[in-house]
Amino acid sequence: MIKVSIYGASGYAGGEILRILLSHPKVTIQQVTSRKFSGQLVSQVHPNLRKKTDLIFSHPDQLKKCDLLFVALPNGESMKYMTNLKTFAKKIIDLGADYRLREQAVFENWYKQKHLNPEMLEKFVYGIVELHRQEIKKTSYVAGPGCEATVSILSLYPLIKHNLIEGKIIIDAKMSSSQAGLKPSFSSHHPERSGVVRSYMPSGHRHTAEIIQELSPFANDLDVAISATALDMVRGLLVTIHTVPKNGITEKEVWKAYRTEYANEPFIRIVKERQGLYRFPEPKILQGTNFCDIGFEMDTVSKRLVVIGAIDNLVKGTAGQAVQAMNLMYGFPEETGLEFPGLHPI
Amino acid sequence: MIKVSIYGASGYAGGEILRILLSHPKVTIQQVTSRKFSGQLVSQVHPNLRKKTDLIFSHPDQLKKCDLLFVALPNGESMKYMTNLKTFAKKIIDLGADYRLREQAVFENWYKQKHLNPEMLEKFVYGIVELHRQEIKKTSYVAGPGCEATVSILSLYPLIKHNLIEGKIIIDAKMSSSQAGLKPSFSSHHPERSGVVRSYMPSGHRHTAEIIQELSPFANDLDVAISATALDMVRGLLVTIHTVPKNGITEKEVWKAYRTEYANEPFIRIVKERQGLYRFPEPKILQGTNFCDIGFEMDTVSKRLVVIGAIDNLVKGTAGQAVQAMNLMYGFPEETGLEFPGLHPI
Amino acid sequence: MIKVSIYGASGYAGGEILRILLSHPKVTIQQVTSRKFSGQLVSQVHPNLRKKTDLIFSHPDQLKKCDLLFVALPNGESMKYMTNLKTFAKKIIDLGADYRLREQAVFENWYKQKHLNPEMLEKFVYGIVELHRQEIKKTSYVAGPGCEATVSILSLYPLIKHNLIEGKIIIDAKMSSSQAGLKPSFSSHHPERSGVVRSYMPSGHRHTAEIIQELSPFANDLDVAISATALDMVRGLLVTIHTVPKNGITEKEVWKAYRTEYANEPFIRIVKERQGLYRFPEPKILQGTNFCDIGFEMDTVSKRLVVIGAIDNLVKGTAGQAVQAMNLMYGFPEETGLEFPGLHPI
Amino acid sequence: MIKVSIYGASGYAGGEILRILLSHPKVTIQQVTSRKFSGQLVSQVHPNLRKKTDLIFSHPDQLKKCDLLFVALPNGESMKYMTNLKTFAKKIIDLGADYRLREQAVFENWYKQKHLNPEMLEKFVYGIVELHRQEIKKTSYVAGPGCEATVSILSLYPLIKHNLIEGKIIIDAKMSSSQAGLKPSFSSHHPERSGVVRSYMPSGHRHTAEIIQELSPFANDLDVAISATALDMVRGLLVTIHTVPKNGITEKEVWKAYRTEYANEPFIRIVKERQGLYRFPEPKILQGTNFCDIGFEMDTVSKRLVVIGAIDNLVKGTAGQAVQAMNLMYGFPEETGLEFPGLHPI
């Protein structure tokens, strides 16, 4: 049994880590912190955990030593505290954006702020298990990837590694409201947010930097563009990725690339069926699961390879992926705590 | 390990039983049958089960002997086959309406059809564990209650048993679309069904008969009325029950009644808080769980005790409750396989 | 042509009045005020009005004289300004709660605040046209009714006037998010508000006072109780009203009461059909319309008359009803500007 | 006043035409036909029209002569009847796909069926008013464009005409459920259709043919690809179009192209704002309107011009556009009957 604490546990990401760890057979939850809800029952903030835990939020200043610390703070916050936090835990998994980009300049360019703790950047391993399994097993510091980056990287990685596509990669991302966190604003106000198909970021999405960082080792001059549209859903993320296959590439070769890379991956499913309603990845049936579903279609009219990827942004895109990394770091079976299959219908 | 089969596993109820049993440590699934999908992968019908099972649907005629058989057929079907089915399994849990009502005449009155197997009626125990735990432990035949009846009975039982209310009991039920099963119709057609607040049954709901049957032992001349409204949700069921407290009854006595009956119930939570958004039961955070959440409020202006109950109609209202009964029948811990806490946000 | 201004035009109610008046052939919009958006284009706040108007918000301090002034402020605000506002306009229609209740004590009891302008209370006519048509024609001051009160009063009025029901009247109200206005809060935050069936007010709804005030002249000792549940919809309001018919009352007599009172009402439709999906009132097809649809069913098992009423809370429940009153006050045809039939499907 | 009939008026398109024409001051509706609902009240099928019309469906065989006939049949049907139908009306507007493509071979290639009435193909004018205003004024036969084609063509036309883009044009279309018509199927079954982000057609959308036909006169070798994703909405259509600007093209030139083509168009709005939630086109506020909203953003990281277009698929995408064409054909002001501004919030 390892002792784990969650630093910043009142948000949606922290709540999901807690939900997952509460049924994890190798983990004891030592503390969950919240400045705002310190002293209150966890289940008042996360009502799904009623009768599942009697935990009470600790104030961050009362943090005690633990084996592993999950840090779930808003972007730009964890780099303020990291030097201190690492004195409390041998291993840290940070879920924010602060340690995802290895180059300080890249971070500062995309996030428009100075990095306050650049010396730690090289210590963190980017936490996509499917790409960095061996490094994660050995590291003490993992940076949890962005949800949009996670599904895009996983969808593209085999194609780029196997040299199957060329030219511009266009990621048309369909996003849900939980991605923006739990702070209310006019943009999240139900009468304004309900029913939207909102082009909130036609270009300039910051996860582009992560995608380029992770896929660049396998390709020269990656040209990646994201357009993000917010939909009326709470959880879930689907990317429709428009790519151009290299001349002569066949569907068979695409299948082969995905199988080669992912056949043994416990959380990746290639979803491409001839019939049925769920022929391609569909985020609605992924809610609560750690799966990343990936499908594709060759466009026979316009020369195009359309790739479709789906995840639950709060699980495979955040908390589940982080627990998957934790399992690796401690040698637990990788699926531990992440077995929920998802619901149908939902 | 017991060997379990599901007779009629392509529907929503059968699919949920299968989902739950796939992670049940004491169960081996022997067969799942479907006339229509015989020979096909289960995951083509239940796409959430991809990578979770390689099961293939068997034709009902190929049913083999097993320890326990779940029967998940449309109302009016299982009574046609029961005489035969019981030669295949020592224990049977039937999820349809055919064996819920002990009196043949009551069944025929509410369902407007002749009962084809009345001699078996008295062998079935009505499957609400919280009311019939001891009988279920000993029986071989359980009739799974209707979802609307389940949440109504559980919400009302302590009040009636403790003699706290009088007069008419009005159940205003808010229903979801999965309750009607997987057969498409114009009433389930998305452009017509989306966004509705549809008074589809202002009176005459057949679950009334179950409620009266179960609560009558504790009260004379029960007067129960249901009005059912369909909402734009797939899973979930909330009842707002308008009752009249007897003279002088206080909130404290109501609390006491619920605590007396339910303090040790693993799947019932009394939800009644002073603050927060989830002060009362809310079906959206119950999706996938076996909880029945119950709350109440004394109306100080009009003399009224408003009781609010919520469940996931496919879990506590159908498949989860059935597995809970199975656990009892075999002496497994009652929560086995039913631990999922639900998601927030969702 | 009359000159009309809207005082407080950036909210949802003010925006709807503006939308309706922009196509009203007898009205010139003189000013629309907003403290916060003063100087900005109206269409930046109400994006549906792009290309429909070039109006710019005026600061409230720049209000000029006009023929009629709509006041659309949060509850408790208009009574602060009314003495001043009536120097600017011959006629005023106030949409808030401040002038709906004729008795100061009743207002103060339900709204838990002192009334700041009690001397004006008796000057205001309660603005349900169907009950107060003659008074509205003659008055200079109209108080726009609450949305929940509007649909409840209209649904119940014929039954009570014709002496058809007795005992407790239970209004189970299904509410939408626009009713709470445009101020974001955690309770309106999309991840928390989406998908809810939220019992936010099982008892104690303040519109009870309006209902009792308006129906008391026709009945002794009215016992009215409201339970309000918030749903995942932006517009629309449905009430399921559970009443007890007096002994011997038949469906025919109920029909007769509704026909007697409403046969000539342009905005009331009795919706009670034998077949089809829209047999009873359904708020989704009322979006944007000024209709109040009313239906009913006799419960033949439990002695009950279930009445179902539906409106668009922002139109018949607020802005449309106010324009209907304005039409009466100026002798315009009552339907003017309110002809939109609603959409199907939607 | 012209006498208009609708042939096939029980579907969603026919219902919308009827809704619009009922408030059109220059039109008398002579007949609305339906084989299935012949003899029944129109309002039983289109419940929004209760109290708006007493029309009864005629059987198609009872069709009488009229001035203009709208034909709203499923694809492949109107070409069976056209030879006969044109003996009944001087002018015909056909809403199906049968007469949209001028080349018989192109039709047969995309629709995988033989054209039964190819000799009429050249008589029909493609009904996008903004591109074919002069021809529509003079023609007797208009083919109503597909909804997806309409918004795509309108979004792209100025860019292509002004020679601003090059290379592949990728249309990522977000679709609603009403597009599939009123026939229930498992894919439209609420539990399966609710909440989806369904990649139902990653390539091969038949509207591609219309887009190429209409834009080819302005460009060589158009390379157009559509990927269509179905969302959980009933009405509305948004396209995110990923294009590559020619070298050196500036945002200013894009603005100029749109202004040049559309500044005087009554139903096109360029929506591109610096702030606010509705900075770009948003289909939810277009419900019921005939607007096509178009916006764009230059991607400064990846060389891209992202164009966003939104319509109500049943109005500007079908019925409204058809009435707009009718207005032109008879010299009525183009906006007549199409003034509804849309609702906010909704």
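First chain written, first letter: the chains are A, B, C and D, and each begins at residue 1.
Rule of thumb we're sticking to: a residue touches a chain if its C-beta (ideal position, glycine included) is under 8 Å from a C-beta of that chain, and two chains touch if they have at least 3 such contacts.
These are the chains along with the protein names UniProt gives them: A, B, C, D = N-acetyl-gamma-glutamyl-phosphate reductase.
Quick caveat: nothing in here was measured; it's all calculated off a predicted structure.
Chain pairs B-D and C-D differ in how many C-beta pairs they share in contact, with the greater number at C-D. Comparing the centres of all chains, each the average of its CA atoms, the largest separation from subunit C belongs to A. Centroid to centroid, with C-alpha atoms defining each point, subunit A and subunit D lie 39 Å apart. Measuring from the averaged C-alpha position of subunit B to that of subunit D gives a distance of 46 Å. Centre to centre, using the average C-alpha position, subunit C and subunit D are separated by 36 Å.
Residue positions 12, 178, 182, 186, 191-192, 195, 232-234, 277, 282, 345-346 of subunit A are each in touch with at least two other chains.
Looking at the complex, you find that subunit C touches subunit B at residues 168, 170, 172, 174, 186-187, 191-192, 195-199, 202-204, 208, 223-225, 227, 229, 231-233, 236, 238, 240, 242, 244, 277, 279-284, 295-304, 306, 308, 310, 345-346. Those residues of subunit A lying in contact with subunit C across their complex are 12, 177-178, 182-186, 188-195, 232-234. Listed in rising order, the residues of subunit B touching subunit A in the complex are 12, 15, 19, 22-23, 44, 46-52, 178, 182, 234-235, 266, 269, 271, 273, 276, 278, 282, 285, 287-289, 291, 339-346.
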